[in-house]
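The structures considered in this document are given below.
Heads up, the next two complexes both have chain A, just with different partners, chain B and then chain C.
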Partner chain A sequence: MVLLVSGLVAGLILAACSTVAGSGDIDATGRFQGVELSEPTPKPSFVLTDTAGQPYDFQASTQGKLTLLYFGYTYCPDICPVHLAQITSVLDRNPPLRENTEVIFVSVDPGRDSPEVIRNYLDGFSEDYIGLTGSMDELRTAEEALGVPAAILGDTSDPDYLVGHAAQVFAWAPDGLGYTMYPFGTRQSEWAHDLEVLANLGGER
Partner chain B sequence: MNWSWWCTSSLRPWRWELTLYPGVWVVVGALLVLYFRLARNKVLARSQKIYFLLGVLTLWVASDWPLGPLGAGYLASAHMVQFVLYAMVAVPLMLMGTPEWMMRRVLARLRLYRITRRVTGSLLFSGILYNALLVTTHAPITVDTLRAGQLGSFAMDMLWIATGLVLWLPVLSPIPEFRAKTYLARILFLFLTTSVIAVIPASALTFGDFPLYNTYELAPRVFDITALEDQQIAGLIMKVATIPITWLAIGVMFFRWARQEGVPSTQPRHVDS
Partner chain C sequence: MRSTVVALALLIAGCSSGSPIKVGSAYAVEPSGPNAAIYLDITNSGSSGDRLIRVMVDGYTTMIHETAISADGQASMKPVDGVDIAANSTLNLRPGGLHVMIMDAVGIVEDGSISATFEFETGSFTERIPVVSLDTYLDLLESQ
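Take a look at the complex of A and B:
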């Protein structure tokens, strides 16, 4: 019995150590830990309005940069802040990666998310993040370009209404191609791994 | 008002709104009813009653809102505070508040005497078992799996109580044959059991590059601390919070040992030839 328990302890300790050691390593042979697309897709083209009120041409403005794009809304109680917190934590620990990464948050709730509201929200994560918004038609164009269903607004007579929206983050490498997307639940270790891989696929870095 | 039987992980943002956990009240109430029912018509020292009540109070605070749900679903640091309260505070206090005859009666009724005797029969075995339970109940796969449901979360809390019993029975058991025979053995057992292997999971938490627990990493953030900072605090709590408790116990045992030996604790020992 003592031997059995000793073996169990040793196994658990080894497992714990390997988890810790493995979590920060970059696997040179594996491609991605996010959801890999069946084939790389070009960055779509659409124009929305940034938090300074200026038109933002997504394709042109992010050329040559690792780009992450997420549809969400600032009143989102759960998924949006967690996604942004995860990405922020990973980029904060890798300044060179952070410099070459554009994080773009597209609000699908223009009724409540004015440019100022979006800016204040994003500044809670990083002042470098880009916030975009637009009319419902412009937002729909952007969603269609990404192939995601249109956001569904809840009962807008309730000030705390919820919005159903795509919950994945899209990623494009500096070469302008999208290889992966990241559903809710993506771990920081997975982000750190994939962002390094993506950053090295073409571009200036 | 929200309620559920036991605390679990949740994707809902944390709010300072009271949530009811009747399962916790049932467990706490059952312990109190059992204790005072068994103690009816018996003489119980006032200090024993106080120790037991403090132990149950600690158990209640660790399990109920707000610490219970914070530890079950939002903060690894709160999870670690819960562990310390269960295994290092509530269990020893309840053991100190339980008279020998009561514990014998409960163990006999539950048919647990033999297994308890076996577990406490070897200090090496108790030490290994404590650390196995410690590592297992803090392993990410265990926490993420058990904390996802009420039954699993309840099982994890009960496992922590069992972990505390494995640690403290050889030191504080009211039943003499469960205790290590000498104070020196008890002191060494407590020191070695809590300060060697426990450093490994605590260091993994403190020095990990990324959050280890899915549950706490993907939970809505609380108190504006990142998941990694929260985990580092959890590792520190695991390392540091147990030190004063074990050293207090070691200190008390040392002075009792000295008193038993008949040596004044503040005077050097003189040997007459």
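Take a look at the complex of A and C:
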């Protein structure tokens, strides 16, 4: 196990380095390691509220950037932190990539996740990450724009109620198109590979 | 370097003796939000089934939860009353499946350890388990 873990860490470092060097790979097929969408999909439009309490126009505010979006809630200890931790780990090793990437966490649990709670949560990963939430109706509009089922809140009279939510991360390249999505279980090495490839997909068209 | 140390700690934690029930590779992950999760493997080398009823951590409320991800990508957690471990089998409590959730886990800090009591139908025992950082957790996920 010791050797295994050390070997994996070494492997990850190698994988990260090779993607930096080999970012010119733009074959029409098989260029992504995440789940490829059947066709490139334009970035949707919706407005939610950011952690400063200001309206955040998703499409306009992320123009020209590699954009990652995830629905979750801060009470979720199991799969929610994994996506954010993986993305953070990749970006921390690649400052130029980080510079042109917008990471957006949408809390589907506005009852407990106030803007302050979301900000504190995200600051544990990066102060640059954008936290959004809204009324249940506004969240539903965003979920519909992304084609995911509406979040399901448990019995909110129980302070420890649970929330069902979309588990995948959505991504859009700087050209404004989504090519891939990332279900739970995506590996660190797959993130490292794909973020580099996506970041090189052009400016806004 | 840190993952090596944690891996060693996990190996040592797996070496309790006595009952046919063994808990191995147990660790808690430092909480990102209010709650933390414990993951572990349970091996039942006996000839009859057993059941994990609860995992207790002093000073905290805990629940066993099961995460399920539906075909359309919706993730949901539900509490479970206990988990059966068949004879001669190993049950893995892993991210995206079963886990023990520690509520309001302030004070569960990276690089510390916690004392967890595992209560089975046939008896209970207490072990110290490490609290790993998110980075170490990612390394562990890659190795699974």
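As a convention for this text, the second predicted complex is superposed on the first by the 173 of 205 C-alpha atoms of A that agree within 3 Å, B and C clash if a C-alpha of one lies under 4 Å from a C-alpha of the other, contacts with A are read in each partner's own complex, and residues count from 1 in each chain.
Definition applied: contacts are C-beta pairs under 8 Å (C-beta built on N, C-alpha and C of every residue); 3 or more make two chains touch, one makes a residue touch a chain.
Keep in mind the model is a prediction, meaning the values are calculated, not measured.
Colleague: Quick check on the superposed pair: does A:Q168 touch chain B, chain C, both, or neither? Answer first, second, both or neither.
Modeller: second
Colleague: Give one of first, second, both or neither to describe whether A:A60 is in contact with chain B, with chain C, with both, or with none.
Modeller: Neither chain B nor chain C is touched by A:A60.
Colleague: Quick check on the superposed pair: does A:G185 touch chain B, chain C, both, or neither? Answer first, second, both or neither.
Modeller: both
Colleague: Kindly classify A:V148 by the partners it touches after superposition: chain B alone (first), chain C alone (second), both, or neither?
Modeller: After superposition on chain A, A:V148 lies in contact with chain C alone.
Colleague: Does chain C touch more residues of chain A than chain B does, or is it the other way round?
Modeller: Partner with more touched residues of chain A: C.
Colleague: Counting only touches as set out at the top, which of chain B and chain C does A:P77 meet: first, second, both, neither?
Modeller: both
Colleague: Would you sort A:A52 into first (chain B), second (chain C), both or neither based on which partner it touches?
Modeller: Once the two structures are laid over each other on A, A:A52 reaches no partner at all.
Colleague: So, does A:A85 touch the first partner chain B, the second partner chain C, both, or neither?
Modeller: both
Colleague: Mind sorting out which residues of chain A both chain B and chain C touch, each in its own complex?
Modeller: 1-2, 5-6, 8-9, 12, 77-79, 81-82, 85-86, 89, 184-185, 187-189
Colleague: Chain C touches which residues of chain A in the complex?
Modeller: 1-2, 4-6, 8-9, 12, 74-82, 84-86, 89, 121, 124-125, 148-149, 152, 160, 162-168, 183-185, 187-189
Colleague: Help me check something: in the complex, which residues belonging to chain B touch chain A?
Modeller: 11-13, 122, 124-125, 128-129, 131-132, 135-136, 139-140, 197, 200-201, 204, 207-212, 214, 217-221, 226-228
Colleague: Please output the residues of chain A touching chain B within their complex, sorted ascending.
Modeller: These residues of chain A touch chain B: 1-2, 5-6, 8-9, 12-13, 15-17, 19-20, 23-24, 77-79, 81-82, 85-86, 89, 93, 184-185, 187-189, 192.
Colleague: Considering only the defined contacts, which chain C positions touch chain A in the complex?
Modeller: 3-4, 7-8, 10-11, 29, 31-37, 63, 65, 67, 69, 72-79, 95-96, 99, 101-103, 105, 134-135, 137-143
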